[in-house]
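Shared chain: chain A. Partners: chain B in the first complex, chain C in the second.
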Partner chain A sequence: MSPSRVLGAAALVALALGPWVLARHQLSLLTDLLISGLFAMSLDLILGYTGMLSFGHAAYFGLGAYASALVLLEFAQPVPVALAAGMLLAGAVAVPVGWLSTRSTGVYFAMLTLAFAQFLYTVAYKWRSLTGGSDGIAGVPKTELFWGGPSLASSQAFYLLAAACVVLSLLICRAIVRSPFGRALQAIRENERRFTSLGRDPRPFKLVVFVIAAVFAGLAGALFAPFRGFASPEVMFWVFSGQGLMMVTIGGIGTLIGPILGAMVFILLQEILSSYTEHWMIFTGVVFVLIVVFLPGGLVGTARRLGVRG
Partner chain B sequence: MLETRGLGRSFGALQAVADVSFGVEAGELRAVIGPNGAGKTTLFHLISGLLAPSAGRVLFRGDDVTALAAPARCRRGISRTFQITSIFPELSVLENTRIAVQLKAGGSFRLVGGRSVLDASERRARESLMFLGLADRADEPASTLPHGDQRLLEIAMAVAQEPALLLLDEPTQGLAPDDTAATVAVIRQVAHEQKLTIILVEHDMDVVFDLADRISVLHFGRLIAEGTPAEIRASADVQKAYLGGLD
Partner chain C sequence: MANLIEQLLNALVLAGLLFLVSAGLSLVFGILRVVNFAHGVFYMLGAYLGFTAVAVTGWFWLALVIVPPAVGALGALLEASTLRFIYRRPQIYQLLLTFGLALILEESIRIVYGPTAKGVDPPALLQGAISLGGLLYPRYRLFLVMLSLAVGAAVWLFLRTTRAGLVIRAVAQNSEMADCLGADVARVRTLVFGAACALAGLGGVAAAPMTTAYLGMGIGVIVDAFVVVVIGGLGSIGGSMAGSLIVGAAQTWGAFYLPETAMVIMYAVMGAVLIFRPWGLFGEEE
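So, the complex of A and B:
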């Protein structure tokens, strides 16, 4: 077995053992890490594999969170229905946004995605009757696994659901980046003009991957709402999009697993530093700069260079 | 195989290509020569579809393809290389060539699996790399190849697509004499064994007179002469415009 397979198997076993060895607040933190990791991984599909710098990815996380919150609170449906609703809404909104944004590239693409995300943030902020405005939607319940099925209210049960979603998403995304479609994305990242002259218009590829990334971000958001019990405009704010970019960069652009680890490092740093100082952002920033300068390729990229082959 | 009628392209006040009408027969190796800024690369962009013409039309195998964009023209059988090496630097030599095959052959929207697409395109890519003498570098990142091999890789990518018409934009640019000779040999081999129609833009007159069946001469965007290498050598106009300093 290759070292990466051993590592993967070990990580799976560790994740599965979580509910039996971790205390409740630790399990809760791990759930948080996994959800953020899923968000960062979805961003890696467009940033790392396709070379599209989206500065508005939080919007799809937020859409997932709101859709999930409403389905759980208003209709008391099982959690998987809420997850499906979150993915559907995020993906549906990503179609027109992606269709327009992928008409431009580089900084202009980044600015367009940012503008659309801030627009959606404003909608969430102002549409009080639906979203609760700045208060958001509170009291989102963790309902059951299926109609009449086991409750997900315990932190153990919800953790297992979140972990399963993240592992499954990772496997699907890995299959995608290794497929003919995924290979085409990487060629687009490397040289769009050459791609065009080899027989395909890159835009449909960019649109499809943009929507796929939004769907997985929507899933992360849809898990977030019942996990935290609320959805609020903050999760759609541009700061969260920026943090996503930092998570991907810390973990390793274009590696899928890297951004999950990067998100974990980012959140843990935030947890630890914020217990000492309210200026934790300064120190997170310093760590970020150090990693970018001294560990190009992020954590996973560096590990691979040092010989752990994936 | 290819015909242009009154083809023109201007950039603002600059008329880069003007009223170019010429035809290339199937199986022919045509060279297009002309001083810097004569419009050779612009002409290639117009034929391959990367630029839309301001006037005239392009006919390929009897069909008017003027309205088709570059990707569609490539799928119809026009493949090209670039004057400034254009590859996928971080991808392997094999993957560069494989993706060229895949993009032309189809199946690029297979999101999961797609093993058959990958395998078939890889087989074809390996053949092409073997043909171009790059097979033993297949797994290296393209960016680590020396310049000469990168030029060859571009040709390998185009040849792997099994085009009907191959456009080579200065394939020997920046090459050492040995590499130039090797590239000339490869182009001759491609032309003969794959029975391709080739249009070649080239500055190196030795290469041009060595390879070309016929030569077209561009000057300030206009076609000023066309003929066999012997005719072009003898033409007074061409001597004045271009070759004067060389002989």
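So, the complex of A and C:
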């Protein structure tokens, strides 16, 4: 067995043991890490594998969170229905936004994703009757696994669901980037002009991966709402999109597993720093800038360069 | 009629401020091929430093003169100490870097000034309103329109008529060729970045008496400026001007006729431009 498989198996066992060895607040922190990691990983599909920088990825996380919150609170459906609703809404909104944004490349794409995300944020903020405005939707319950099935209200049960979603998503994303479609994305990242000159139109590829990334971000958001018990405009704000970018960069752009580790580092850094100062963001910002300048591969990329195969 | 003129003037005020920000954004893109995400924070920094300068000296005009060079110097320093080293990397790294700088600057401002908004009084000469054929209009807003027109004209003349402007346009057109012909490209990049930040800082000081200096004004203005340059086209001063006028008008009339959904108009215009000219009205197809 290769070292990466051993590591992966060890991580799976550790994740599965979580509910039996961790205290409640540790389990809750780990759930948080996994949800953020899923969000960061979905962003890596477009940032790392296609070379498109989105400043507005939080919008899809937020759409997932709102859809999930409404399904759970208003219709009291099982959690997986809420997850599906979150993925569906995020994906559905990503189609027109992606269609418009991927008509442009590079910096235009980055600016457009931010502009559309701020637009969606403002909609969430102003559509009080549906979203509760700045208060958001509170009291989102963790319902059951299926109709009449086991309850997910305990933090252990919900953790296991979140962990299963994240592991499954990681495997699906890995299959995507290794498929011919994923190879095409990486070809676009390396040299879009050559890709075009080989007779392929890059735009459909970019649109499809944009929507896929939005669907996974929507799943992360849909897990977030019942986990925290609320959905609010904050989770659609540009700051959260930026935090996603920071997690991806810290962990390693274009590595899928890196963003999940990056999310862990980011949130642990936040946990530690915020007990000393409320202005933890400035330190995280400095770490981020230093990594961009000196360690462009992030943690995983740098480890691989130093010879640790994984 | 009076109402129409008032709306028109409001649109011009907004367009003027947007122009000061988006012109710098566009200029930096032309020279560095980077969209500076931190640009809005320099605008915000200008407003806060303007507040401090007025509080310390009590003299608004002095603040208007000294704050922009200070903001510009900080911008040039940041370019020379960080961005300069990663121009060879893929574009996403430069964007990520300016985003990191924006976070650090924004948080620094929050630490220094706290969360409450800071009001700035306009100078005595520009307080109150002026009567324009039955319409009372704030003097300060008229001043903003004239200021942005004057700055726009000055930037255009500088780029078109001076030798330094010629070098900047040469670097924008083909930096490698300009380098071969003896232009100091690294210096041009630093100076243009600084000058663009100074323009944003000027916009911030000038805006402060009207909008106050508040946290979040940076992101607000950068999103609008992004829409401006998407509509007008990056790298073109004329495009920034046209885009600013369109966005200023869309926001003003939107706020008047459809208060709840004002920004929808702005985004609808942007969407239409994207469908028909994805590189902007005045931009060049890459």
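Here is the rule we go by: the second predicted complex is superposed on the first by the 308 of 310 C-alpha atoms of A that agree within 3 Å, B and C clash if a C-alpha of one lies under 4 Å from a C-alpha of the other, contacts with A are read in each partner's own complex, and residues count from 1 in each chain.
Quick note on the criterion: contacts are C-beta pairs under 8 Å (C-beta built on N, C-alpha and C of every residue); 3 or more make two chains touch, one makes a residue touch a chain.
From a predicted model like this one, the values you see are computed outputs, not experimental measurements.
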**Request:** Mind working out whether A:Ala40 is in touch with chain B, chain C, both or neither, as first, second, both or neither?
**Result:** neither
**Message:** On the A-aligned overlay, A:Ala184 touches which partner chain: chain B = first, chain C = second, or both, or neither?
**Reply:** first
**Prompt:** Counting only touches as set out at the top, which of chain B and chain C does A:Ala124 meet: first, second, both, neither?
**Reply:** neither
**chain A: partner with more touched residues, chain B or chain C** = C
**Message:** After the superposition on A, what does A:Ala163 contact: first (chain B), second (chain C), both or neither?
**Reply:** neither
**Request:** Look at A:Ala115 in the shared chain and tell me whether it touches chain B only, chain C only, both, or neither; answer first, second, both or neither.
**Result:** second
**Request:** Classify the contacts of A:Val79 with the two partner chains as first (chain B alone), second (chain C alone), both, or neither.
**Result:** neither
**Contacting residues of chain B [partner chain A, same complex]** = 48, 50, 69-71, 74-75, 79-80, 82, 86-91, 95, 98-100, 102-104, 107-114, 117-118, 121, 157, 161
**Prompt:** How about chain A: which of its residues touch chain B in the complex?
**Reply:** 172, 175-176, 179-184, 186-187, 190-191, 193-201, 204-205, 208
**Prompt:** Considering the complex alone, what residue numbers of chain A touch chain C?
**Reply:** 47, 51, 53, 55, 100, 103-108, 110-112, 114-116, 118-119, 122, 126, 238, 242, 245-246, 249, 253, 279, 281-282, 284-286, 288-289, 292-293, 296
**Message:** Help me check something: in the complex, which residues belonging to chain C touch chain A?
**Reply:** 29, 33-35, 37, 82, 85-86, 89-93, 95-97, 99-101, 103-104, 107-108, 110-111, 219, 222-223, 226-227, 229-230, 234, 260, 263, 267, 270-271, 274-275, 278-279, 286
